[in-house]
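Here the chain labels run A, B, C and D in written order, and each chain numbers its own residues starting at 1.
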C-alpha cells in the first residue's frame, strides 16, 4: 500500500527494456548521438511541434532551468503558494535564476484563477527599478492537489500573462496524468493554449530519472545548452536519458501508464467516498487528498500503508478540517495495484 | 576503434545487472531507502572511512558542489590550467560557487608541482579585501593527460595547501584508473594523503550516470544536502543511483574494469611506440597522447577510428610538435577490445 | 510642503561641515584612515559595544549585506510583507544572498507579532533538504508604517528567533527616529534586546549617503569586508563616508535631527486629527499615514504639496478605507518646517 | 609626498562647491531630480552622444555592472592579467555577472595587443556548451601601468572584438588623465573608436565618490536601472552624485585637474630619469613606475614619502629588475604639488 509518492515506484518495464536496448556499442557523449536525436523527434511528434528539447535527470532542474530562462534576476515568477517550485525545491529557481523572486498566490485546489493572476500582475508591474516585476507565470499540471487545468483554463491564464509580457511556464512533472484524463492532445494542452516552456516529466510516470525542458518556439531556446551544462545537468552518457524518453513515449506507452495510475486514484477516491471519508479536491490525476480520522493513522501504518499527512494549512480556508481529522495525501502510480487500493479502503472502512 | 572518450562506452554488465535488481518493488525517494544506505556503506568500506557521501548524476555537478562547499564566493581555487573544471564545465564551479575564481596554473603532464602551488598561494594570500584569496587546491586524478599523482605527491601538495588553510579537492572522474595502477589503497590515495573532498566518478568507469561527492570528515559536510537539492541534483528515485555504485564497487568490480581500460591504454602506447610514434606523457591511466602525422588523420577516420585532435597549446612548452604532426588523444574504457587497439596500431604502422 | 520622503531633504548643516573638515590633506583610501577609526569609535560609543562596523553608501546595500551575512543561500528570512527589503529593493537581498528567500508575514502597522513569527518558524523548519529553512528574522525600526518596536517587543521576537537558531537583523533606516521617541539607549534597543546585526541609517536622518552595517558581536563579522568589497560598496575615499557619521553622531546631533522630524510628524498628526482626517497608525516616528478625501488630491498637489498615495492593500484588513478616500503617506525630516506642516493642515481643513 | 594613490587626495574645490550648491531645498530621490538630468546632459555633451548614464559611487560597481551587462554568466571577459577588474575587485565582476569568467592576458605596460586578443578569442570560441565563450573585451584607460591606448589602438582592438561578436568595455577610472594627454575628444577615444560601454571615473580625478556607467547606444541600456538598484548602487539622495559630475565636468574642470596630475607625473619621471632611476613604462598619465634601490625604501619612508612597492611579477618578462632594486609605483593627483615632487626627487638623488 505505497501511496507516499509516485516516485517510490521503480522503472516501468518498457523503459527498462529501452535502457537495455540502448546499451549496445559506443555512442558519442553529451547528446551527440542518434538515440538522442530519435527521442527529440519523438517529443516533437507528441507535441506536434519542432520544439527545442533539453533533457535532464530531475524535475527540479527542469523547473529551475526553465524559470531562469524566461525570468531575469530582477523579475518575479507568479505561481501558486503551494507550487512545488515554491515549497519543495530548496530555492533552486532562485539559485538558477540569480536571485529571482517567486510570488506565491492563493487558489483552491492548488489552481490559480485568472483574476488572481491579473491582480498579481498589476501589483508587480511598473514600479521599476524599486520592485521586481512579474516576468513569468508558472502553473503546475497536474497540480500538487491532483487537480488539472483544462485547456481553456490554461488559455485564459496565458492570455492574461502574454498581454502583460509574461512568459508562461508549465511544471509538467505529472503531465502524462493530466493528458490521460483530458480529451485533448499534448499540443492543445500546451503551446496551442499559450504555454511557452514546459518541464516535461517522465520520472513520476515510470522513468528512472528523465525530464525535459521543452521550448516550443525554438528561437527562444538560445543559450539553454550553456545553462544546462554549467548547472551540471548535461549527462555525458546522454543516450541513456534519451532512451528513457524513447521507451516512455513510444507507441503511447506514457499514456497507458498514466491512465493506470489515474484509474487507481479513481478507485481510491470512489472507495473512500463509499466509506464516508471526505475527498478534498477533484481527483483529476493520480493524487487523492482525503480527510481521515486521526485515530486511524497508527492502524493504517501498522498495516503497512505508506502515505504523508500534510499540514492543514495546505488545504486553505475553504476546507474545514475537524480537530480529530488529518489531511492525507495518497499518490498512485503505474505500479499501484487494485489489491493495494482495495486493502487500504478496507482498512479505512473497518475504522 | 572508439577512442574519443571513455564516456562513449555504455554501461558495464555488472552495473546493468545492479540496476535491474534494484527495480524491485517500492522504495522511498530522495535517498531515504536501504539501497542508498548500502551503497554509502560500500563507499565507506572502499575508503576505510565513515565519510559523508552525496551521489549525483554528473561529474561537473560533483566538482561544482565540492568546490562551492570548500571555497567562499570571495575565494580562489588553484588548479591546473588544463583541468576539466577550468576548461570544460562552462563555468559550473563559478556558478555553484557564487562567483568564486579559478586560477589556472602550469605544469607538465597536467600535474601541479609543489613549488607552483606554493608560489600561487603566496600570490593569492593576504591582500584582503581587494584580492580573492586562495581557499582550495583542486587536483585531477588521473589527470587530463592520463598521468597520475602518486600518494606522496598528493601528500606534498596537501601539506602545502593545509599549511596555508586551503582545502584539498580531488576530481576523481577517473579515480578507478589511478587506483588500479598504483599499489596503494583508495584511503591512502585520498584522505590519508590529505584530500578533504573527492569527486568520485563511476560514469567513465562503467556506470550510466553516477558520481559521488565524498566528504571524508563527516563534520565538514553540513548543508551539502541542501546544496545538492537546490542544484537540482537530488534524484527522486535515488535507489537507481545507489544501485550503480553498488554494482560498480561490489567485489572489486570497479578495479577490474579500470585495469582492463588501463591495460588497453598500455597496449596502445606500446604498439604506437613500436611504430615510432612519440607518446607524449606517461601512460598511467587510460589515456594516451601521441603525436601522429597529420597526413594520417583522414585515413584513420576513414577506417572508422574515433578520437580527438587536441590543440598544440595543450601540450605546453616542453613538448615539441612538428608542423606536420597532430596531438592525438586516445581514451580507452572497460569496453575497449584488443582487436580495436591492434587494428588502430596496424593502421598507424601502415602509415 | 515636501512630504514625499525623508530622502528629499538635503544634507544637514552639521554633516556638511563635517564633510568640509574632512577635506583636508591626504588620507589612505578604503577605510585605512584616522577619520574612519574615529567614526567607528563613535558608533561603538553610541551602542556601548565594541562592534564591527562596515560603512556603505546605501540602505539597500546595508540590508543586503547584512541578510546575506546571516542567511545561507538555502535559508529564508522572515520579515513583514511590507518590509522595504521585500517590496523596494528590487531583489537585492536575494542577489547578495545567492538566492535566499524572503518570507513576507502579515501584521498590523507593519509590525510582526511574536505568534506570527513563531508560526512561520514552525512552518519553515525541519523539512530539509526540500524546503528552505528559516535562518533570520528581519524587523524594521521604525517600521514602514511609522510605528516602532519597543525594546521589550524586540526582545520577545529575538528570544523566539534565537531559540530556533535564527539571527536577528534590524533595518534601521530610521533608527534615529525610533530612538528619539523611546526612553531607552541605542544599546537597549538593539543588542541588549537581541539584535545581532543592524543596518544603521544616517541618510534619511540628514547625511548625504551614509549607512553602516553594525555587527554587535565582532566574532561574527568574519569576511564582511570581502562581502562589501566584492559588492562594489567599499568607497575609496572612505574618509568622507566616515565624516558623515562623525558629523551625524557627534554630540547627539543625530537625535536632535530625529526629534525635530518626529515633532513635525506629531504636529501633522495632531493637525490632521483636528480636521477629522483619520490617522491610520500610531505616529511613533516621522511618518504619518492618513486617509484623505480623494477629491483633495488635485488641490493639495496644485498647492505644491508633495506626498505619495499608497495602494489600499498596504493598509491590511483592519483598516477600512472608503471608496472616496485615499491612503496618504506623509514623511517629515530634519528639514521640515512648522510652516510647511501648518500650510498642509490648512489646506486639508479647507477641504 | 603622497604618491600611494590618487584616491588619497580629497575633493577638488570646484566639486566641493558643487556639492554645497546642490544642498539647497528639496529634491526627489533616486535620480528623479533636475540636477541629475543636468549632469546626464553634461556627460552627453562631453561624449557628443545621447548616451544612457548610470551614476554609482564606486569604480568597482561601475565595472561590475558594465561587465555583467554585456556578458552572460556563461561568457568570458578578456582583459589584461593585471587589470583592476582581475586583481583588485575581490571578484565583483564574477559576483555581479553570475559567475562569468575573466581571462587574464599578457601584454607589456598593461596594454593588450591585437594579436593577443585575436588568439584569445580563437581559443575561447565555439566549444559550446563545454567552454565559456568570449563575450566581452575590457581595456583600462589609462592602464594600471600609467600607459594609454591611442584612439587607433582602441579601434584596432574593438574591430577585432566586434568582428567576433564581443562587446567592448573600457575601465575609465583614469579616463580624464588619458584624454588630457591625447589630442582627441572623449567621443573619439570611446564610441567613435568602438567602445560600447564605459566606466567613467571621477573619483580619482577629484570627486568624492562618483563614477558613471555610460552606455553609448541607449538601446543597449535596458534593465541597467534594475541592475543598479538590486546591487544597492542607486543612491537615494542622488542629486549629490550628480552634483559631483556637474562640478567635475563643467567648463572643462576635469581636464584641468587631469592635466595637473599628468604634469606632476611628467615632472616626477623627468626628475627620476635625471637621477638615473629607470622609469619602467611610458608615463602617459598620472602614474610612474620606477626601479629604485631597495636600500632607499626606509629612508624615503622615514622622510614621509608614501607609495607602494609592487611585486616584480607585475613587471612582466621584458623588464629586468635587479636583486637590489624594487619596483615602485608613484601616483600623482590634482592635489600633488611641485614641492612634493621635487622633495621626492631630491631624496632619490641624495641616494
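Assume contacts are C-beta pairs under 8 Å (C-beta built on N, C-alpha and C of every residue); 3 or more make two chains touch, one makes a residue touch a chain.
What you see is a predicted model, and the numbers here were worked out from it, not measured in a lab.
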| request: Please indicate which chain is farthest from subunit C, where distance is taken between mean Cα coordinates of the chains. | output: B
| remark: When B-C and C-D are ranked by contacting C-beta pairs, first place goes to C-D
| said: So the centre of each chain is just the mean of its C-alpha atoms; given that, what is the distance between subunit B and subunit D in Å? | reply: 41
| Intercentroid distance (Cα basis), subunit C paired with subunit B, Å | 51
| request: Provide the C-alpha centroid distance between subunit C and subunit D, rounded to the nearest whole angstrom. | output: 35
| field | Residues of subunit A engaged with two or more neighbouring chains | value | 30, 73-74, 89-91, 95, 98-99, 128-130, 226, 229-230, 234
| task | Write out the stretch or stretches of subunit A touching subunit C in their complex. | result | 73-74, 87-91, 94-95, 97-102, 123, 128-132, 311, 313
| request: Mind listing the subunit D positions that touch subunit A in their complex? | output: 30, 72-74, 98-99, 128-130, 223, 225-230, 234
| field | Residues of subunit C touching subunit D in the complex | value | 2, 4-5, 7-11, 16, 19-20, 22-30, 56-65, 89-92, 95-96, 203-204, 208-209, 226, 229-237, 239-241, 306, 335
